[in-house]
Structures are given as C-alpha cells and as structure tokens.
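What follows is a set of structures to go through.
One chain, subunit A, links the two complexes that follow: it is found with subunit B in the first and with subunit C in the second.
So, the complex of A and B:
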C-alpha cells in the first residue's frame, strides 16, 4: 500500500482540496461571527463579541433553545432505551427474521427524511394530534434509533454472556448482576448513545419544521431568522455555538464508545 | 472416596429439541477427587458441567451435590464455583475487586474480606497484583484471577470448563502442574472438562470418557489408557493398532483369539462381552511394539518393512508394513539406537508381548459403563 501511494503524488493535494471544500464554509461561520459588521464580506471589519452578547437578550431565541433542550433530552432518552432493547436482541439472541429486523431498524437512515416528515405530519393530523414538541420528539426518535443501536451494538458485542453467568455463579442475584456487572460494563456505550442522539436531535431541521407547530426548536428558529439580513450575524454566532456543542458531545461520545469496546474485549480470552 | 459421593448424577438426560446432548448419564464423583470429563466437542461434557453448575437444567434425571437434591437449584445457591473457558474477568473491576466480588454478598468485615482476598491471590501466586486492571493481565494471569475468584468462595466443588485451552503449549503445561498441586493443597473436588487426553491423563484421579451424550468409560488414567473398553475410547486416548481377530475359545473369564500374524492371543474378557459373527476387535498400543536390532532375540517376533518415518525429537514414529496384515502397524521407538536413521523400505524385526493386547468392544455393541 505504502509503495503504491508514492507513485500517486497528486493524492495529498486531492485530499487537501477535499478537506478545504468540506470544512472551509464551516470555518467561515465562527470567523464572521466575531466580525464587527452586519454583512458577511471580506475584508473583515474588526473583532467583536457583540453578536454573542445579543443572543442573551433575545427571549424568542432562548425559548427556542429551551425547546431544543427538552426535545433533545427526551429524544436521547427514548431512542437510547429503545436502542438498548434492539441492540440486546441483535447481539444476544438468535431468532427468525433477525437480519430483517436489524435492516428495518436501520432503514430510516436511508429514507428521504422529507417524505417521512410529510407522512408523519399527515398521520398526526389524521389522528387529530396537536402539533407540538411531543410530535417532534416522536418523529426524531424514529431517526435516532438507528444511530443509538449502532453505537450500542458495538458496546454490547464484547459483552459476553459468561460475565453474567460468572456473577450468578459467585452467588449474586439477577438484579445484583444487572447492577454490579451488566450496567457498569455497558454504561459507557449507553452514555455514548445518549450524547450522539442528543446531538442529532439538536441539529435536526426537517422533522422539527414540519411537526413543531408554534414551538420552534433552534434550527427552525434559525431558518426563520434568515429572512432578515440584519439578524444574520446573530445566527452565525448561534450556529458557531451549536457546532462547538456538537463537536464536544460527539468527541466525548466516541471516546466513551472506544473505551467500552476496549474494556469488554480485554476481559475475554480469545 | 467417602461413602457419600460429593456429586451424584442419576439418569440425567438433556434434550435440545430432538438432539440428545446427554443420554441417561449416571456418575458419582467423590469428595476431594480430581475428576475429568473427556471427549470430543459436542460429546455433552460441557452440558454436564453446566448442569452441575446450575446453568443448564436437565430434561430428566437428578443431580445431588453433597447429598442435597440440586437439579433445580439456581446457580447462585449451589456450593459450586466455576472457572469459565474465557475466564469472564469483570472488565470494569481490578484484580482485587474481581476476587472479592462474591465475598461482598457475605458481608464479612473489611479486614476478614481483605485477608481472604490476599490468601486467594497467594494461592494462585498473584500476590500483590490486586490493583491491576483486567486489560493489563496476560492470559495466564487471567486464568489465575478466575481461579482465585472461584476458590475464595470456598466451594465444595470447583468446576473448570476447558480452562487451559486458550493458553499456549508451554504455559498450558506449566498450569497443568500448578492446577494439580492447587487441587491437592485445597483438597476439594475439582471437575475438569477437557478435550485434551494428555491433560486428563496427567491431572485426574479418574476420567469419564464421553461420546455422543453417553459416558463410554469411567476409570483411573492408567486403567483407561491400558484397558480401554471400546475401540472409540482406545482411539481417543492416543495411538492404537486395531485388528480383527477370529474368536477361538470363549471361556468364563477370558477368551482366546487368532490375531492373524500375531498368533493365538489370550485376553481378559470384560463384563457383558458378546460377539455376533465370531470375530472381535483387539488392539495394541504403538509403544508396546519394539524394534529388534542385530541378532537380538525375543519370544514373539514379526518381520516387516519401514513404510514411513516421522522424527519427533526424543522419539521416532514408524509405520511398518507386515505381510498378512491388512493395516500397517504404528510404533513409537526412542531414538537411542538409531530408529531415526532407519531408511524407508528397510527390513526390520519387531518384538511384541501378547499380554499387551486388549479386547475392545465395538461401539455399536453398546457396552456401557455402569
């Protein structure tokens, strides 16, 4: 492999350009959020933190942030609980239709989200459900379970049944075994799943837009603000904060997931 | 063995659907005995061990542990502890916490708990390693942690599920010696599941050889190696030259057979022995055949030719073709006299002792251990 790459000297250049296209626009966000001008044009006018300061005085925005937090926490809890059930079934048991079940749980990842959003909206209206944060939560859970399940499956796969048997064998009860062995061993994977799903919910727009009614989440609020040119720098500041939060949460999640994987695998002789 | 067995297995069967994992197994294991369940994979030895541990419930039959009917007793209420094949060390706990795991439920005072953990670690020669993390241990150390974690509970019976199979050869042999002396030190019953016949021979007081959910023979290592009851048992426990022999005389305690080129051989007759077609299978171990050099003489001799030769360092394995025998003979010769230099095709003479032959039941005859 190393040999071959030496004969393709343009590869590093290609990779550099690739990453530039991918991340330059995102990097411009924080740059302009500190720029002392209402328009996003070069040259930069000067350094300011006033756009960040202005976020604090905006009660509509703070309400949207609170909505996002509520939705995020509920979605991460619900999809992680359901993900635990699914991941345990997939890793622990053999049953008829196992592969099909796994595939169907992962399918929402590949479905066009806007179509699902429209159909969920139709169903909600059909059943006379009031559009609210509850409908957003239910919609987002469908999309978060695949992520939750993949994170949890990698955490559970190393969890050998013999760990629980060893605990029973040493005199512990079923509940004690769950508390002293099962939970601590899979805890990092569970926390990782909570963080990943929370992050996805925080950034999710399409379902929230269709199903939130009069209670906007942050992405829906941002979309509404874009109609007003004067509000753009504030949106950039808010966007920068959300990127920062996402990166931090996902990094912590990945670190925890890897630690869980390493630990469970280290426990077993091969 | 005391009058009352530590483990008593009575007519235990275990079905998975129509598959018989255990087929009417009865067995008694004494207090302080090192007992091995030996057999190929799928023979039911692990199912039997897991039934004793309480992880598997027999379809029928009864298991008594130290006189207590235990067939349906859950694993956490049995006086048995297990060393798992993959050791199952708790990954989130260090060595000391792993060993103390079961003690926590006994609510000992802190000093007593510390003392018992330290004693158990001493016993398996892991003194002072109690703060080590599970992922900082070598394979051999994990195995010792698993042993200490089980022994600290002071079980009446220690169950070992292929505990050495994950170790490399050198470490495995070292651990075999340690396991044997550990058992003698603690003096409790050890039940070992293994598919390695040398491990079973080297460690055990008694061995049960299992095939297809049944026990084929229970005996001491020496008895089972020298007097296997069936062809399958003989074959599983090392090399054996088999030959069909014609029954000449069937007396009360023994039989005479015509063993082709080996002449007439008298054999002790196992209980329940029968033959339908007047022929029987007899066997002789490869190491009971011996090369004769130069003008050396022996009361019973055969001539043959070297067909194949394999050098094993201290010994050489020879395959000898003998006119009048359907199968060539295997033999093992130490390399003191130059067996390793015998060319293929060399004419040789070999000596045998007719008393070294054993009469083997064909397995379909259904000779079963009682």
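So, the complex of A and C:
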C-alpha cells in the first residue's frame, strides 16, 4: 500500500479551495440574478424575479434565442453525423494517412479560435457568401467535430466486431448491420455527442461574433448588452438560464456516455 | 473467420493491385472518413491556406494587390505596437499555462490516487464549469473583480478593507486569473490520464527501496506523468495566446492582446493582408515558444532523475 504522505491532510483543503475557485463564477451569476438591485454588490439587497420577468418582453432577445436554437440543432446534427463517420473510420479501419486525417480533423482543438474565425470569415467573403446563421453553422461544425469525435471514439472503442461479423454472415447488408447491430450499442454515445455539441454551439461566441452578420445568437446578443451597465441584471438572469441549460444537458450527456461505456464493456465480457 | 481475413486471404485470386486496394479495408476506411475529411479540408485547411496567401499580398484600398511581398511581416515584426502585443500575448499565455498546470496537478493527482470509486464523478465536476459559456464566465470575473464588484464590496462589508482595491480589474493579472479559471479542466484531464497510466507497483518499489514520499514522487511519479504535463501545457498555451474575449472584457489598457489587433484588421481598419500576417506570425511564434517549453521541461525532468 501507498504510505500516507505527510502533507496529505492539507490536500483535501486545497481541493476544496480549488473547487470553490472553479464554481464561484458560475454560482455568482444566479445569486445576483435574483438580487433586487441594479449593481452586483454585497450585501445583497433582497429577493426578486423581476429580471427574469423582463426577459420575456424583449423581442430582440427572443429572436436571438431562436437563432441560437436553430444554429444549435443544425450544428449538433451535422457535427455528430460527420463525427460518426470519422470516429467509425478511426476505430474500425486501418488505412494510410489515418493519423494525418485524424490530426486535421482534431486541429481546431489546438488552434487559437480567433484564427479559425478569421480564416472562415475570409473564405466566406471570398466566395461571396452572405454572413448569416448558415455561415455560423458551417463554422461551428468545424469547431464541434473534434468534441463529437472524442465522445464517439470512446463509445465505439471496445465495440465487439464479431457481433457485426455474425450479422454479415447471417446475410445482413452493411447498412442493415449498422442499423440493427451497431446503432443500438453506440446509440448512447451518439446522443451524448448531440447534447455536447449542442451545448458548445449554444455557448460559442467567437465564431458567431465573426460570422453571424446581422443575425445574433445569444452570446453575440449578450456581448452587445455588456456595454450598458443598466442592462447587466437582465444579462445575469439570461446567463443564469443558459448556465442551467448547459449543466442539465451535460449531465444527461455524461449519464448516457457512462451507460454506453458500461454497455460496450458488458458486450466485451460476454 | 472474419470478413476482413477472408478479404485478405492469399488463396483468393489476387486482382490487380489497384483494384484490390479499392475493395480492401483501406478503401472502406477512406470512404468512411471522407465526408468529415472533405469538410475539414474545405473549411479548415483551405481557409488557413487562404490566410497564409493573403499574408503575402497587399491591401490597396478596396482592391487586393496579389504581388508577393514580405511587407506585412515586416510591419508585424517591427512596428512597436504589434511587437508589444506579441510579447505580452506570449508572456500571458505562458504564465497562464504554467500557473494552470502547477495548480491543477495536485487536483489530477488527488483524483487519480485518492479519487476512490468515484473518479468519473470527480472528473465530471471538474469539467462542468469549463463547459458553461465562456463569455458568461469572463463576465462573471468582471463582476467579481470590479471596483464596485463582489470581492471589493464583500471584503469591505466584512471589514477587511476600508477602500476598494483598484488593482484587481483591467490589467494583465485579471486576464491571467480569468484564463487560468477557463482552462483548468483542459490541464487536469491530460495530467490525470497520464497519472492513471502509471504502474502503481513502480511507486511502491521506489518506497520499498527507501525513497521518501517526496523523492519517489519526484523520481517516479512526476517523470512518468510528464507526457500529460506537456500536453496540458500545450493545450492551454496555444489557444490562450489568441484569446479575444478575456483581454477585451477584463484586460483594460494594460491587458490588450494580439487578438484585438487581428480583429481590428478585419473590422474597422479593413486591412486583411496585415490581419492575416498577424495571425500567421502569432501561430509561428506560439509554436516556437511551445517547442522551447517542451524541450526545457523534458530537460528539467531528465535532470531530476
């Protein structure tokens, strides 16, 4: 057994402080969104829900929310479909240039986002594309595929090939095998990828900022509001709702991902 | 017998090489990845090549002069304002990644060695804040660190200080604090993965042979987790060098970074070639700095052993 290390008693304390540091910013937004004052100061002034109520009447905000929803759904579907292709190619086959192809697809993780944004802006305008939600979707998909792929690769890995081979031997077509054998096993990973990419798209700012033209998504709308101090409480309420949405979506995604992991492990054990 | 084995079995009459290749495992793999690969080629590689091409051209009012020139790079590297921004951006990104790695390492170590049966839950809790909106988190730090912000008014209400501290917001420190917070999970995860891979019996062996806790950590655990530390360093350092939101919201005058200058060339200044040259220079500089960091970390670890 590992011997207990002398500084260990301090470690849990350090972990607690670290977690406080991690969670403080996202817990403060909800706290002040219910605060009955236009400024973010202590002590708190009292409880109110008026900042949330003020969101409903705001038509610009609702339009931005609709834009975000459209973009999020399109981005999550597209990047998950493309992620499935790539993840399956990587986990199921071996071919020349595999590492290079995988590297290119994963590259957005290792690039400053502003460079991706600038290059997409240039190519869009170069080909005469009008900046719109379509350009935002195209750009965010590039950015989301790596995340979709890492979720899917972990779901596809360890998937027992002999199940598919049995299905081929019994006369199923490639598509039939995918639908009836592969899909049920990897379905949780796919749903998890859909949720994760939707969340990333919902929160993504830089690409949307450069590529949205006159159709703001929620983060672009918030960016515009930050200039006005008086708008802050409304932004805090909206931000709290967005954080809540992200946390719920990610929790569901995580539960599904773990279920997928257990299922592939169970399939391996048989 | 597996289908793949049948396809490649030598008894089968071997068709011409090209045709066999088309029907083999390779072709199917390539076909499978091609939609994603084509997408990445069209919307990642081609755009980046276009940026590189532009960086050698010149903006002539509304026209683009396509004569090859190094003028943009000369401007990017000699103009004091850009030089300062490059130096500051590199410095901030290196400082951020160093702090993030140092402060995250114990967390990764704790989860890996003392996480018990709930390691996945710990990791999930670490990643949650990093998945929520980046813009909102930066905004939250602005609220925390501001003159009339949470920290100042909180400390004043608690009687710790009489006057608000003015040096919290709108400087490079505020940028570093915010970035360290934003990238914490990206540092913890790779370090955790490399710690998980360490064979625990090696550490026991070191202890059995008389190394103390600290020595066995320095000579076994730390060197073996170095791949994770290095990838954590890179995955934080390279993206943060081009961060736009954080310097803009909490950086003030002393915290401006290169992304602001790049954005300006695509906005009101409308000088795409210069913006492209600034982008390419940023990438080259951060790659060089990253290589230097990797080499010196490797060297340091070899000395430790």
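Observations
The criterion applied here is as follows: the second predicted complex is superposed on the first by the 252 of 270 C-alpha atoms of A that agree within 3 Å, B and C clash if a C-alpha of one lies under 4 Å from a C-alpha of the other, contacts with A are read in each partner's own complex, and residues count from 1 in each chain.
Rule of thumb we're sticking to: contacts are C-beta pairs under 8 Å (C-beta built on N, C-alpha and C of every residue); 3 or more make two chains touch, one makes a residue touch a chain.
As the structure is a computational prediction, the values presented were derived from the model and not from experiment.
Residue contacts after overlaying the shared chain place A:229 against neither subunit B nor subunit C. Legend: residue contacts after superposition of the two complexes on their common chain; A:184 is shown touching subunit B, with no touch to subunit C. When both complexes are overlaid on chain A, the residue A:16 reaches neither subunit B nor subunit C. Looking at the shared chain after the overlay, A:108 reaches subunit C, while subunit B stays out of its contact range.
In the superposition on chain A, contact of A:170 is made with subunit B only, not with subunit C. By the touch criterion defined above, A:86 lies against subunit C but remains apart from subunit B after alignment on the C-alpha atoms of chain A.
Measured by the number of subunit A residues touched, the leading partner among subunit B and subunit C is C. In the superposed model, A:38 makes contact with neither subunit B nor subunit C. Comparing the two complexes, residues 162, 165, 168 of subunit A contact subunit B in one case and subunit C in the other. Looking at the complex, you find that subunit C touches subunit A at residues 2-3, 25-30, 32-37, 39-41, 43-48, 50-51, 54, 103, 106-107, 110, 113-114, 120, 124-129, 131-137, 139-141, 143-144, 146, 148-150, 153-154, 157, 181, 184, 200, 203-204, 207, 213, 234-235, 238-245, 249, 259, 262-263, 266, 272, 275-276, 279, 282-283, 286. On the side of subunit A, the complex with subunit C involves touching residues 1-3, 5-6, 11-12, 14-15, 18-19, 21-26, 28-29, 32, 39-43, 81-83, 85-86, 88-90, 92-98, 101, 104-105, 107-116, 118-123, 126, 138-139, 141-142, 145, 161-162, 165, 168, 196, 199-200, 202-203, 205-206, 210, 219, 222-223, 226, 232, 235-236, 239, 242-243, 246-247, 250, 254, 258.
Of all residues in subunit B, those touching subunit A in their complex are 53-55, 74-77, 80-82, 84-92, 101-102, 105-106, 134-135, 139, 142-143, 149-150, 153, 166. Only residues 160, 162-163, 165-173, 176, 180-181, 184-185, 262-264, 266-270 of subunit A touch subunit B when the two sit together in their complex.
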